[in-house]
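Quick heads-up: structures coming right below.
Next, two complexes with chain A in common: one pairs it with chain B, the other with chain C.
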Partner chain A sequence: MGSHHDEYQVQPGKIFTKPFFVLLALVVVGFALIAYRFFAGVGAVTGLSDGYPWGIWIAYDVATGTAFACGGYALALLIYIMNRWKYHPLIRSALLTSVFGYCLAGFSVMVDLGRYWNAYSFFLPTRWQPNSIMFEVALCVMTYSMVLIIEFLPAVLYTLEQSQWRWVRESAHWLYPRLLPDREALHSGLTVVSKVAGHVQVRLDKVLIFFIVLGITLPSMHQSSLGSMMIVAGEKLNPLWQTGFLPLLFLINCVFIGYATVMFESIVSSYSFKRPYEVHEISGIARIVPMVAGLWMAVRFGDLVWRHQIPAIFAFDMNSCFFLLEVLLIGGGAFMLLSKKNRLSPRMLFVSGAILMLGGGLFRFNVYLIGFNPGAGWSYFPSFAEFMITVGIVALEILGYLVLVKIFPVMPNPKKHFEEAEEETELVGDAVPARMFAGK
Partner chain B sequence: MGKEAFLREGVSRRDFIKTCVAATAVMGLPYSMHTKVAEAAQKANKPPVIWLHFQECTGCSESLLRAGHPDVASLILDMISLDYHETLMIGSGHQAEQSLHDSMKANHGKYILVVEGAIPTKDKGIYCKVGGTTAIDSLTRAAEGAAAIITIGTCAAYGGIQSAPPNPTGAVGVRDLIKNKPIVNIPGCPPNPYNFLSTVLYYLTFNKLPELDSMGRPKFAYGRKIHEHCERRPHFDAGRFATAYGDKTHAEGYCLYKLGCKGPATFANCSVQRFNDAGVWPVSVGHPCIGCTEPEILFRKPIAEKLQIHLPTPPDTYAPAELGQKGPGVSPLATGVVGIAGGAALGAGAMLTKKLPSGEEGHEKHD
Partner chain C sequence: MKSTTRRDFLKLMGLSGAACLASAAPLRASTGPAADSDTAIAMLYDATRCVGCKACMAACKRVNMEQNNLSYERLATDADQLWDAPRDLSGSTRTVIKLYKESDTRFSYVKHSCMHCTKPGCVSACPVKAMTKDPVTGVVAYDKNRCIGCRYCQVACPYNIPRFQWDKAIPQIVKCDFCKETNLKQKGCPACSETCPAGAIAFGKRKELLAEAHDLIKANPDRYVPKVYGEKEVGGANHLYLAAFPFKKLGLPELKEESPAAFSEHIQHTIYKGFAAPVALYGALCVVAMKNKKAQEKLGHGEDD
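And then the complex of A and B:
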């Protein structure tokens, strides 16, 4: 994939900006509370109870957060399965979001687990319960996090290979001879690192397609399992959401949320990094979203008709209101993208992306929390600490993204791909093993 | 078998401690208390016990002597000074009466009076006489100097079968006649010997009587319904009932409730303590409980009559159904912060929307 590297560029700019410190403050608060949770227990920091053992850590960080992190998956579907190579420049930033989304979802589960010290059993196949949905989700999320990291690795290796190690050299120079007696050894060590990185990079490129295939398979598996997880809740889940089609709904839902996230993220990062808007790429993605969302709506309403739940939609109680909100947001966001004019407007792309993320996320919240009723008397609202932990984790995601795009070549290279955007396939055609796999 | 024969073999240290531990457990005391119980049982000054028999079948004495550890009977006789027991004592006639009289005089206010059997009150109590004295008179006289009275068996406690309608002799339990003495009832037909033994040991250990329920029964033994700890309880909860003796449902060991089991209304520890030191009790061998510790059930309700359950005890497996607020609830701080964060996100989104170019050429402008 060597020739791919000029598709991407390191975002120029300072790392230590004002947003950096604001986010860092939120991260520190969040992680201090996490530390407190490990001393004082889950009950001390959350609004969780026996009735609601899953709160926002699962409903947001895992169920919704991994859907937002499905940009990598949705783009991989488009690029590698549908063979649309013009979107390839977008994949690294989407992958980076996915890496953070998934790793931190796994981390949230560790925070949420009451007896986290038993989690090591997960690595002992003799203790597996392969019929469990939760086991499947855990296995897939963990493996996928690893696959995502490997998929992102080329950017890291490229940087290691190309790096002049200026910062390291400068600090070594400053330290010498105070703490660092042998400056030359460090320098030759750095050269070795660069060489090894270059060496590994070539090898990795050859097998990367295997991980890409895994990276498409695993989310298909566990995103549907996230739906199956709440089928198990039985009649505790309101009939507006409780259906055997939940796995399919979650799977389709994560695809259009993934695209919406790519749109949202592209516009926001273009705006904040003062880069040109990637309107051409994301307008192509935006064209697909109404189709996927339409398919989702068809399954959703077909299922409701089939189960005779249509009257429940218009009951205008809390559940029906949230159902209507969810459908209006998803339908509205998708509807906006039907117009070509809207698809070419960064403003409308941002608005529809945000609305779709909100609506798609609300669907997952509805399934996991709002439509879930464990019995009379139980109520749940996240506690302050619980909310701040989630905020801290989200802040860490954004912070990591902000920092890493300034270190690794992640963002699309505007010079490279805006000039040749129209020629799509010619641009990235050569020397891509994945292309051969895709059969073109 | 005479008293000497009982005592000749003695009690081994091991059996003695074993029995004390068992009794400690029955009393619901911590395990560590068994040394204290054993010490109390070994004390030199054994409390004198006078044991009176009235309208009864001696089944309670039999239960105590024969059932369980062979040593329980001898232990009882070793621990206490049994000064008068009509079926165990060697003496007879005037000699026996003299012994009773002497003991009552010598130990006035100190002895434990054990009563076995109901007391007839009709026609001035002429239906039960020992040595020419009516049961009422013997009881009244013996109770006067007693420190405490233990009634063994349902007859002495509540009247038992003699008092069942039409009750021709006007039989009553001790509690209906003696009002000014502490009375501990150990009902049962017969009662579990360990319940009696534990009550005596409790008295010896703590120098007071155990906590009693409204029927005068020690709570440690009669505090719960046998239904609560019955080994057939899961069948009851699952709705599997034996419908006839000897049929498949009975052979499968299903709940005996429909055969008339009185377990759901009977307070006793039979399902836990069991009998004969072999872990058996009526329900375990396929017969429904007849409610022998309950004055309102035994001999008043037919054995096969299905019981109306008035105070059902829920099984562990029901989901809790109590209403009211559960879980930590909503805190104003959290609601406020979530609201502010949501509002800020919406505001930022709106601001960004306003700043974003609306047209296609936007990116060039931005460059």
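And then the complex of A and C:
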């Protein structure tokens, strides 16, 4: 995302729209409940118990939400490692979604942690416990959130550099006679900010690739570890999900969810911002999805056969039903994308993207919640407050996206990227065989 | 020129990563003393001797109240505030006596508390070493000053032992630690075994108690089911049980001998190779990404350098 800033554009339009206020209301409700949680304890706002110590905050916000936030990862894999440069214009909006997904997953964890004030333990090497999967996930997710912000920084720096600071100048002008003593000082101050931003931007461009690659390595690590996390639960997790292949399944799963999210997000934002559909790029991505999902299916069923769990699939109890739903959604979504006609229709791309997100997300949700059974006598259903806190956090995610695309150059510039796509010269250098990263 | 040196550097990094990978010393797994070690201490609870007086529960709460920030029970049904009989382990109860009723005349008391596993899930799971297993005695203890309250230990414990104080703004995890900081320190044994008037809770070296348990079964085959619970469950435990009924009926889960914690650590160590694997991956990906980027720049798209 270097100096080719004409690849991207700031989305024109007002920030304070009707959806803005609806979302804001949800955010306010969620945060009020979060404040209450800190006075009354976790039990006061959740349906959690000692048998079900983790609920939707972990199963949805963290385990599933970060997979939805893997668009940045999956695209970077495609662009920088598989050398498909034509998808470059899509990356900023995917990155922005990732920034929000990850930062807010981290925030959810802080709400969920009982003894959050001790979280600094993660920064004391004497307390590190490298055998703990959560330790690995936590450090990795924290680092990745920083990396994501750095990856997004070019858009911010560009805006700072180009900005005429109209609103600052205008408000200063309004204040001037009363408060602001020196208009010149302000003027030169703002110029300095612009200059510094420009300067940093050049420097950042040089090293950015190292952060981008870090942004590919880290999710490979923690997305697989999110799967490893439930291995320690042993027999409490139903055999339909409990397997040593959980890390591999989670890793592949986050890649196709990542692509599905890119498709979904692109179509939705084109529709709601009334931009031309990016069908050209999206259909290219859609072509990859069935392969990744197929690989996932192969591992999933291969593992079940190997562990003699096939009869359990057709028990038609709750676990088997959720299992069937999960594989039908993933299989169905991927199957739709096998047809070229579907891949060129925005409607079908939207539908299959949504189905794949649902199915892929359900797999994770199943591992963390549905398939988890601590024994007789325990049950869990999220309380209303718990649910509203998650809704508030998701609303904040969407709200942030809506606002930031109107401030920073994030969306692909339709003029520019259509020209690029026509050239079809993107395949140079070597593409790396998939197994190089699939194993980690 | 510049680009070649950078590429060489990256290659070097990838290679050194691979070298670490090959030579990586195995990480120490989170297990304590072996189950048959001479130093491991244990508790042997004989359900056939327990008379259900619950003196152990009262003693446990008295001794550990302050350290664990325990409260007295408040049941929803306790309108006159005269009741202190917890229904189960909780954020205020580290041990509980329950009664299994087979018929009107046949029943058995059973004591629930931490098993002090040989390969404890809670210790393996805890990200900040708040759950630790003593390498000599094998006691699994909890340190609230480190705990972040993530409750992964609860997910990881096959017996659902660690409990969380859900109703407190400043909560902590609560579980038995053989009175490590209290009675064991002062008097050399846990408060429950000191208090038990029926001699149902023996305390001592695990090796000796296990032998004693097997002797008891041999001498009284009609009194006991022929199994010492805790001998082999998920790799063994430092809390052993004798009983007259199948243990599952007493609320003690039937578990395999393999420890999921050990399996999970094995997988993690296989993938990570003491962190060498991620470094190697990063190096390799850098090489590829740089190469692709250079090729793109020649064509005039991609980032400028």
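In this section, the second predicted complex is superposed on the first by the 420 of 440 C-alpha atoms of A that agree within 3 Å, B and C clash if a C-alpha of one lies under 4 Å from a C-alpha of the other, contacts with A are read in each partner's own complex, and residues count from 1 in each chain.
As a convention for this text, contacts are C-beta pairs under 8 Å (C-beta built on N, C-alpha and C of every residue); 3 or more make two chains touch, one makes a residue touch a chain.
Just so it is clear, the model here is predicted, and its values are computed rather than measured.
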Room on chain A for both chain B and chain C (clash or fit): clash
First, second, both or neither for A:274, with chain B first and chain C second: first
First, second, both or neither for A:292, with chain B first and chain C second: neither
First (chain B), second (chain C), both or neither touched by A:134: second
First (chain B), second (chain C), both or neither touched by A:51: both
Which superposed partner A:383 touches (first chain B, second chain C, both, neither): first
First (chain B), second (chain C), both or neither touched by A:75: neither
First, second, both or neither for A:391, with chain B first and chain C second: first
Contacts of A:330 with chain B and chain C, given as first, second, both or neither: neither
Per-residue contact with chain A, leading partner among chain C and chain B: C
Contacts of A:345 with chain B and chain C, given as first, second, both or neither: first
Chain C region in steric overlap with chain B, selected from 42-50, 60-68, 150-158 or 168-176: 42-50
Doubly contacted chain A residues - partners chain C and chain B: 43, 46, 48-51, 375, 378
Chain B - residues contacting chain A, complex: 319, 322-331, 333-335, 337-338, 341, 349, 352-353, 355-360, 362-364, 366-367
In the complex, chain C residues that touch chain A: 27-30, 89-91, 121, 124-130, 144-152, 154-156, 158, 160, 162-173, 234, 253, 255-256, 259-261, 263-265, 267-268, 271-272, 277-278, 281-282, 284-286, 288-296, 298-299, 301-305
Chain C partner contacts - residues on chain A that touch it in the complex: 1-4, 38-44, 46, 48-51, 53-54, 80-81, 83, 85, 88, 109, 112-116, 118-119, 121-122, 127-136, 138, 205-206, 208-210, 212-214, 216-217, 220-221, 224-225, 228-236, 244, 247, 372, 374-375, 378, 420, 425, 428-430, 432, 436-437, 440
Chain B partner contacts - residues on chain A that touch it in the complex: 43, 46-52, 267-268, 270-271, 274-279, 344-348, 350-351, 354, 375-384, 386-388, 391
